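Quick one: this structure, given as structure tokens, is what I'll be asking you about.
Going by the order they are written in, the chains are A, B, C and D; count residues from 1 in each one.
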Amino acid sequence: MNSKFRGVIPPVVTPLTAAGEVDRVSFENSLNRMIDAGVNGLFVLGSSGEVAFSTDDRRKEIIQTAMEIVDGRVPVLVGCIDTETNRVIEHALEARELGADAIVATAPFYALGGLPEIERHFRLIHEAVPDTPLFAYDIPVCVHTKLPGDLLVRLGLDGVLTGVKDSSNDDVAFRFLVDDNNKAGHPLTLLTGQEVVVDGAYMAGADGSVPGLANVEATGYVHMWNAYQEGDWRAVREEQDKLAALMRIVTVTSGVSGFGAGVGAFKTALALLGVFATNQMPNPVLPLKGENVRRIADVLKENGLELAATPEEVSESTER
Amino acid sequence: MNSKFRGVIPPVVTPLTAAGEVDRVSFENSLNRMIDAGVNGLFVLGSSGEVAFSTDDRRKEIIQTAMEIVDGRVPVLVGCIDTETNRVIEHALEARELGADAIVATAPFYALGGLPEIERHFRLIHEAVPDTPLFAYDIPVCVHTKLPGDLLVRLGLDGVLTGVKDSSNDDVAFRFLVDDNNKAGHPLTLLTGQEVVVDGAYMAGADGSVPGLANVEATGYVHMWNAYQEGDWRAVREEQDKLAALMRIVTVTSGVSGFGAGVGAFKTALALLGVFATNQMPNPVLPLKGENVRRIADVLKENGLELAATPEEVSESTER
Amino acid sequence: MNSKFRGVIPPVVTPLTAAGEVDRVSFENSLNRMIDAGVNGLFVLGSSGEVAFSTDDRRKEIIQTAMEIVDGRVPVLVGCIDTETNRVIEHALEARELGADAIVATAPFYALGGLPEIERHFRLIHEAVPDTPLFAYDIPVCVHTKLPGDLLVRLGLDGVLTGVKDSSNDDVAFRFLVDDNNKAGHPLTLLTGQEVVVDGAYMAGADGSVPGLANVEATGYVHMWNAYQEGDWRAVREEQDKLAALMRIVTVTSGVSGFGAGVGAFKTALALLGVFATNQMPNPVLPLKGENVRRIADVLKENGLELAATPEEVSESTER
Amino acid sequence: MNSKFRGVIPPVVTPLTAAGEVDRVSFENSLNRMIDAGVNGLFVLGSSGEVAFSTDDRRKEIIQTAMEIVDGRVPVLVGCIDTETNRVIEHALEARELGADAIVATAPFYALGGLPEIERHFRLIHEAVPDTPLFAYDIPVCVHTKLPGDLLVRLGLDGVLTGVKDSSNDDVAFRFLVDDNNKAGHPLTLLTGQEVVVDGAYMAGADGSVPGLANVEATGYVHMWNAYQEGDWRAVREEQDKLAALMRIVTVTSGVSGFGAGVGAFKTALALLGVFATNQMPNPVLPLKGENVRRIADVLKENGLELAATPEEVSESTER
């Protein structure tokens, strides 16, 4: 329970310039803003951090830049996301070299396999970077496999896994995982990847959360975490209600889907708030424009956030 | 219809040494055997070619080795498989540099998106390597998106795509794609990725096939293609019947699934036939052993193939 | 191989009056037209026959009407489709009472289960109507389970199943099923439920076909079957090409999907051809109208079929 | 907010005799036990109530028996589950005739369709029984469609739907549905169909729960509901923790799946507790036996429940 990876650990959204390069100034704005809000850690190169869209050089640049900006103020977890074991291990070695406090890996994907391959995958990664804490990233919507709770706890007991980032959207399985982990002596630090049902995950006993929306509004998640630590469930619920209302930025748009709608909305909100210089997206995704930007601006205003840029300015912040 | 990519184009299985390195001698054996059998091209680094399991260095080694061995005897298509556009483009530039005759790319995967992202993805890849023929690889079982026929034909007419490798296992959609492609003036070369229903794909009008089983038995597929070109459907059917019986090597095993069962059986058969030195598999997959190897040996013998190694020798060809 | 259920056995589309009642005159037109074209049997109350939309009384009326019209000229198979065993058995007893030559049942659906439940389901149905031939209807798109080939062959050898209607759209599995069935002594009569890849199913060795499009154009399917029996593959292919072009009636529409698009197009074509009085659909599906009807009319005309009603007349044949 | 359908409304498990008939005595035991525990309503013929397995006569018998036993003490909701609209309407008319306080219907299933058909389906059911409250049953695992929140709220505002029973296991969508429903003036009564994450659903603002486990242990769910009404979140969590531990009866078994594992465990627990005379299951499902019964007994004992029958007695309570 003394894990250094408890609490609010936002999956960091990566700011790009209009030309599609990493925007260092916006990155500083955003990371400092979250650290100042009191987050307990940062998760770089998660799905929201455009890991899948970034070349190896770009991934290295993102990690290095983040490590420099954070400068030890909070632990940094680094996503080492790739199709199969040997490719993941390369990313893991690089992340360790760059100073990652922990690495995060999914089940293998693209090629078809079964549970024996998944288990061996995590064991081989751990063997390659034995001193670096390893989190399993359970994200079936991307990798099309759900990590079974008994496998996760077994890998925790064997010292292979330090924790789990649960983005499975399966609250029943998460509940049973928490209980199994507790029965086993709490080998795993269990983090939920949710935004609008974090209250439920805390009721279930989560050790923390990794909410993408915390890029836009970290303070609320920090308050919710603190209230949870104090057993103040009424406050937990109130914070969650406010954050759920804000999360509507990802549902008010039209004509977009998936990463373009979700991370697109986060980037657009951050540009409207003046944290990011643009809402540029990585290839092949296009940034949100026009009416979609206006609707996001409306949600931000309805929820009491102050805009630093107009929707038109954000729409014009990129040429594409 | 004068495409240089018509006919039988096996997806090349990559031989590994017991230590997991690329086995150059076995690679030569196998590629020469297929070229001698009369195949019309080779597809390196497809799903069967362990592209997803190979690091970038390994991918480069596989391409280079294959290009040297083939030495211009047949066209070589190279799989440039990665999650999203910019990563795929890096592989495409490398493949072009190494002399690929064409590159093969799937829809983006891991991150969620929609048709606009898929279309832009292929257009951006083509822009990056405009003089290199580009094949779309339709493999929903791996990337979880089915490429729509109208999108493919449109990209063909626009000069973005040269062809399609169809591994969608959707014979109805393939039939309609062939017809639409014909109506549009045949901009696309359409290859089926099937093994046991190639006869049906030829009835539908396919321009060729990419059967993994051709690594084990290329001659039959060449005969079937020639019979198809001559309109001798009785011979097409007879060849397909024989190859379907041989394909049982992928279904007689137990306790394995996916890549480990499919490519595992191909490698095991090739080791039993003396073409490969081992049946080693890439991490995290284990090679087939014991009873599974014996069952594959039985299928080979029942189908009249002569074994050069015993099942025991193959089982012991790797330590894992 | 002397099965009375070989050849072309169309799944009968049920004509409705504008008020939604069974239209006996249109039903006679349609069944007589198919029998005159030489079909080898008829499958009443299949998925296309709106079994899922029909109350028990309606189902009885459809069976009775069909049996009276057919009057023993060809065998009649009757779909006994319902969620679980005891409900299916009730339909089976009724179908037997009404003179069905065979009954057709899917795997159980709605409730979740596994292979043991599926096997027991078919065995219990057979026990309830032991003297009535039983076909398994493999239609995963509706029941969300694929029937495994080894289970089917085992039930065939045990005398539980007489045959399989394969609407799984999995041509690889069908190929292996045909081979396994042959090896076992051909206990099962294997019918494909496809329309545009029947040629491939015949190459694989199917014992017949159940194409919905045969309601619109039975003659072509009869020709294709005869050509297959004579080994004239060139003619098989030519007939399939023509029928695939005609099948575009189900893809030219917009704004509709599933049953409404597929059976909706069949009914609309039959109304345009003067076989059906209306293109009325069962609740909650609406009949095709306007532009969608015109597009179907265009496909019919392009394929040389003569219209007996204008698109406007068909659009106005129902009030909804 | 004055809905008579708020609170704990267990989906009633149907007891069978060894011969497979409805066991009236056990039914009385069970319903009285739940009513005495303070449940706010009962949901008869839900998925757990074996609606899919029951013939129409059996369904009628179950409703009649339940209505007689309940005798107005709590409201009774009746599941009217069938493939398409007209079949559902027949069940709805019957349920109304037998005195149902509300009816519950899923989206259409088996045949493929889209949102227009789903919306029309619910509207036509409501037209057929306009004075009977209608609940939408959102259960994608059975019907393979997720009901969209905006459709549900629109049907609520139009007076078509009285409420929703949410068994979608999608807590994010449920959260947004609760919020949208509140913004619209709370037209819908929103019930969660969960067992182990009811606390989270209450945090989100659910109007009640429909937990299958309440057949085994209703008191805990009643306590949790009361604690929620009083804002005592600590007590909500404690009750949920205890019930989650008890819910392990559905995960400790092996070799069974789906309905056989879930409802099979509930029936076995009820037989062990002496509430049911047997743990008999409907065709084609077999009752749990031997080791599986012993494991369930162990879970019950670990959670402080007193057994009235031995595992052996329960295993022998049926012949199958």
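Heads up, the rule we're going with is that contacts are C-beta pairs under 8 Å (C-beta built on N, C-alpha and C of every residue); 3 or more make two chains touch, one makes a residue touch a chain.
Chain identities (UniProt): A, B, C, D = Glucose dehydrogenase.
These numbers were taken from a predicted model, which means no experiment stands behind them.
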| message | What's the farthest chain from chain A (Glucose dehydrogenase) if centres are computed as the mean of the Cα atoms? | response | C
| said: With centres defined as the mean C-alpha position, give me the chain C (Glucose dehydrogenase)-chain D (Glucose dehydrogenase) separation in Å. | reply: 36
| said: Just the number, please: Cα centre separation of chain A (Glucose dehydrogenase) and chain C (Glucose dehydrogenase) in whole Å. | reply: 49
| request: List, in ascending order, every residue of chain C (Glucose dehydrogenase) touching at least 2 other chains. | output: none
| What pairs of chains are touching here? | A-B, A-D, B-C, C-D
| task | Please name which positions on chain B (Glucose dehydrogenase) make contact with chain A (Glucose dehydrogenase) in the complex. | result | 47, 52-56, 58, 81-87, 90, 108-114, 116-118, 120-121, 124, 141-144, 256-260, 282-286
| note | chain B (Glucose dehydrogenase) residues touching chain C (Glucose dehydrogenase) in their complex are 169-172, 175-176, 179, 194-197, 199-201, 203-204, 231, 233-234, 236-237, 240, 244-245, 251
